[in-house]
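Shared between the two complexes below is subunit A, which has subunit B as its partner in the first and subunit C in the second.
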Partner chain A sequence: MIKTVTAVLLAFGLATSVASSHAAATLESFKFTSGGDEQRFKDLIAEIRCLVCQNQSLLDSDAELAHDLRVEVYGMMQAGQADNEIIDFLVARYGDFVLYKPPVKPATYFLWFGPFVLLVIALTLLIFALRRQRRSMAEKPISATDRQQLDRILGNSGTHTDSDS
Partner chain B sequence: MSRQLRYLLPLAAFLLLAGLLYRGLSLDPKLVPSPLIGKSMPAFTLPRLQDPDATLSDSDLLGEVFVLNIWATWCIACRAEHDVLLELARSGAVDIYGLNYKDQRDSAKSWLQQLGNPYVANAFDADGRTGIDWGVYGAPETFVIDRQGIIRHKHIGPLTMEVLNEEILPLLAALKAET
Partner chain C sequence: MIPELGHFALILALLMALVLAVFPMVGSLNNTPGWVAVARPAAFGQFTFLLIAFACLVNAFLVNDFSVTYVAQHGNTKLPNIYKVSAVWGAHEGSLLLWAFILGGWTLAVALFARSLPDEMLGRVLSVMGMVSIGFLSFMLFTSNPFARTFPVPTEGRDLNPLLQDFGLAIHPPMLYMGYVGLSVAFSFAIAALIGGKLDTSWARWSRPWTTVAWVFLTIGITLGSWWAYYELGWGGWWFWDPVENASFMPWLVATALIHSLAVTEKRGAFKRWTVLLALLAFSLSLLGTFLVRSGVLTSVHSFAADPARGLYILVFLCIVIGGSLALYAWRAPDVSSGGSFNVLSRETLLLGNNLLLVVITAFILLGTLAPLIYDALGWGKISVGFPWFNTMFIIFTPFLVLLMGLGPLTRWKHHDAADLLRQFRIALLVSICAGVLAALPVFKEGSAYAGLAVMLSVWLVTTLFLSLRRRLSYRRGVAAILKDFSARGSGSYYGMLLAHFGVAVFTIGVTFVTLYDIEKDIRMAPGEEVELAGYTFRFDGVESVPGPNYQADRGTIRVFRQDREITTLTPEKRTYLVQTKPMTEAGIDAGFTRDIYVSLGEALGGGSWSLRLYYKPFVRWIWLGGILIALGGILAAFDKRYRLAVNRKVMASPATPKDKLATQGQT
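Here is the complex of A and B:
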């Protein structure tokens, strides 16, 4: 049993390492004149989702389409196009879904601002609740009957003195 | 705020969230809506599959309602939908054009010979560059284009008789009725 589990884990580890080394190998085929350009390329494709394997970026993905799109992005960079031009090119073909960071527009207002709205609502409710609690505590000094009951429980037998001997 | 409402609010919030999540279960994340719908079809000029010396371009297709099917011999789902395409071609409802996507020319030709050819003509997109312009991310995909060259519908994944009868054919009839 343990042997099988080890074998499966080994196979899985091997498969993933082979996959990632393959992605790295294809990335190395892109030649850049400066390190800054290479970093710009990597930053850009890390922000773009591969539509075939949707939880991977163009930087990570081994899908053939991801490779084709890397070639496309590289070509546009070499042609001197700006990052936003390249992103517009991809969005025009594949939609906002290719962006890991969705654009701020009416359809995404709830997505972007919803959490902050909820946070403000929650904080407001919390402040109101705390204030009410403090007020109710301040407004109600302990009553005479409560005091008697308290003394009884504490074993002070009806008298309330400071000397305890 | 009345007392009952205060206790019902969290319940209402929970039901809303549960409803949203339940809806999410039945959505297929693989179906990404195309931003090309309602826009002019992307331009292309490609060699034809059957005759490398002749070209097929978007302007050749303009003027009639037509269907563009993206397919390849390496695509298993394309084989599954092939009979549906043959059926659509037989019905005479529309001209079907093909974009043979990142394929081997010989395999594609023998595929059509063996399984039957529903296409009026095929463009041969060897490097997938035209596929990128059309926003293709997985074959098969099927576009419906109107007389003005506007993309009116995109079906992602294999066509079935059900999709054909319920979505494609009614849409084709409506588009043909447009002047």
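Here is the complex of A and C:
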């Protein structure tokens, strides 16, 4: 069943992050003493992946496992555990796959620093292209025949008007 | 009988595609005009047969012909007619048919409207499109036939996925595919030019309007998809960096780079090789996107293996198209002259910088999208790369893009004096920094620095656009001259640019404000109960059961007040579809220019109480408004008068004098 649903969803260009269940998750059962705690809880579970869903966070999923994990995270929070302790616990149980934000460690340097390497490559290419451009400009002053032709076209006035947007 | 006709038409379309791919190309290579002339009729024939095939599948859905496997899987007698039609592209086989049909349509359009092209060039372009068509049609016929029959014939169809029974999603895939497939035109122009070894400004001029139109469709498609996700999925999100979303965003980014690069090639003759490369990349990414989505490889490596024939075909086809076109590029591109020269400080340089940034952004999105696959394949462990990573990277890179976007229109082609440029934009710089600081100051809450940055960038864009407009109009004295400017040659491009860049400013504000300042409340409410959120009072008036055509809905009634004045009544629904018994949410939304109020219905909690999600979403409309403005800008640019002039000139067959040529090149 899940498979057909998946297939149907994938059949669509942009059938976004939808899981096998599409009712909004129910969070009303959690009681918080302050609004800050509630926000902290939501921010935390927004970055944790629902493992049985297609691509949905604990915050958005209505799957049973997501519900159980929410209860678990809530319990740990009430017990006074910090965010990183909760995350460590989840990673120990489910692996890095559970985190939407991959941890920065040697194995993920490729991911975290890759974009900057790409940027450096692009900048190098840009500088290289500009230098070559400047060299070719310096090397190739307008040739005599081109000059003659240009003069002829412009009716020998020789004025060069700068084109603009 | 009719499905067999459709199947037969599909086979004939494939044969037509073969003719189209072979004869004009061979004819153009050994100077046989008769063979080249086959291109137009073959394009026409291919389209006709694809139209027949498409109509047959639509008909099968409309008459509930469940003997066709595809219809049995995705159709239903109770499905409203509009969704019977949209069910055609509701799954794998049918959406491939839509792809092929749209490709046939674009091919025909090129054959009909590209009258200014020399026959040889037109033949090659159509021939390349025919080759792509062969790939899709044979994939469909050999592995994914939408007309395959089933026996015994079921009495009822399994229905279309309820998620897809929505107007937004009925028109989203055709729009998106128009964009994906439209990029094949730019691709074919590039390949044809590479084969001919003639990459001149006229090549850029021919392919420019086509590319812009494809890009407009892609923009509309992505905007529609985002809008649909917002109102249909029940959690008020509009973008999640899902692989499926990225698959459509990457070709868009490269196509954006391409339309800018084409502008430089057309006007200044520079960047020829780079433009060609972008054209190849843009279509390669749409193919990659389509196939990554189709094969399901992104969600699970195992689904790739579920149908090895399909997976293998996709892999081979991708290798041929991408590898082949890049090989051709590597072979032919070195012969291409580098073209118009320019100084370090010039519009060319800024556009090149922006192009590279767009490509870097595309590359890291590709990296993030494929990283889970790469890690899995190399045994580095299973990881997820989600919105926190993408957002971080995107926020680091895009501000530079916007900074350059502001500078570009103010800078002259070829060379611009640094002191003069600084003098021009210093007001814009001052205004935007002040606006940014002001936006960051008053609320020293979390994230206000981002708000400041976003406001600064948007104001920077708007002020630089204003300066550019003022400078342009300062050359035209008097109202009549200014009005005349709107209809002048090249004006469409200019005002289109203005509108699209303004759209980016609007989009930036929308994204930032809704991300930073949206307010959400999950709450249990009993009938008659009231709750306050962001200055609005929500009163829950209970839930009633309402029948739909093919579903049963629980419809909640929430009245929204502001200072005791009733603003609106929202009716969010929770639907249970009769065949695929999954609960679906229909959010209740009160849309506004500066804010949306959004309510979705959760679950019944007994005693008439329900769980509800209430949202206050400031400026969320600006996201799609920005998308619409960007698309409108593209439309203006694509229908610039000078492309029509090019057509007229060819029709009149009057050779352009050198003086004319110079004048058109100066016109930008």
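Operating definition for what follows: the second predicted complex is superposed on the first by the 118 of 165 C-alpha atoms of A that agree within 3 Å, B and C clash if a C-alpha of one lies under 4 Å from a C-alpha of the other, contacts with A are read in each partner's own complex, and residues count from 1 in each chain.
In the analysis below, contacts are C-beta pairs under 8 Å (C-beta built on N, C-alpha and C of every residue); 3 or more make two chains touch, one makes a residue touch a chain.
Because the structure is a prediction, the values reported are computed rather than measured.
Asker: Examine A:Val52 and indicate which partner it touches, taking first as subunit B and second as subunit C; both and neither are also allowed.
Answerer: The first partner, subunit B, only.
Asker: Quick one: is A:Glu72 in contact with subunit B, with subunit C, with both, or with neither? Answer first, second, both or neither.
Answerer: Only subunit B is touched by A:Glu72; subunit C is not.
Asker: By the touch definition at the top of the document, which applies to A:Glu64: first (subunit B), second (subunit C), both, or neither?
Answerer: It touches subunit B, and subunit C stays clear.
Asker: So, A:Ala82: does it touch subunit B (first), subunit C (second), both, or neither?
Answerer: A:Ala82: touches no partner chain.
Asker: Which partner chains sit in contact with A:Ile153 here, subunit B, subunit C, both or neither? Use first/second/both/neither.
Answerer: second
Asker: In the overlay, answer first, second, both or neither for which of subunit B and subunit C A:Leu130 touches.
Answerer: Second partner only, subunit C.
Asker: In the superposed arrangement, does A:Leu111 touch subunit B (first), subunit C (second), both or neither?
Answerer: second
Asker: More residues of subunit A are touched by which chain, subunit B or subunit C?
Answerer: Looking at subunit B versus subunit C, the one contacting more residues of subunit A is C.
Asker: In the overlay, answer first, second, both or neither for which of subunit B and subunit C A:Phe97 touches.
Answerer: The answer is both, since A:Phe97 touches subunit B and subunit C.
Asker: Where on subunit A do the contacts from subunit B and from subunit C line up?
Answerer: Common interface on subunit A, subunit B vs subunit C: 54, 95-97.
Asker: Inside the complex, what are the residues of subunit A that reach subunit B?
Answerer: That would be residues 51-52, 54, 64-65, 68-69, 72, 91-97 of subunit A.
Asker: Quick one: which bits of subunit C touch subunit A in the complex? Just the residue numbers, please.
Answerer: Within the complex, subunit C contacts subunit A at residues 74, 89-92, 94-95, 161, 163-164, 169, 172-173, 176-177, 180, 221-222, 225-226, 228-229, 233-235, 237, 239-240, 242-245, 247-248, 290, 293-294, 296, 299-300, 303, 306, 338, 341-344, 349, 352-353, 356-357, 359-360, 363-364, 367-368, 371, 375, 380-389, 393, 396-397, 409, 412-414, 468, 471-472, 494, 520, 522-524, 574, 582-585, 600-603, 605, 611-613, 658-659, 662, 665-668.
Asker: Using the touch rule from the top, collect the residues of subunit A that touch subunit C in their complex.
Answerer: 3, 5-18, 20-29, 42, 47, 49, 54-55, 57, 59-60, 95-102, 107-108, 110-112, 114-115, 118-119, 122-123, 125-126, 129-130, 133-134, 136-137, 140, 153, 161-165
Asker: Spell out the part of subunit B that touches subunit A in their complex, as residue ranges.
Answerer: Contact set of subunit B toward subunit A: 29-30, 32-36, 102, 127-129, 132-135, 137-138.
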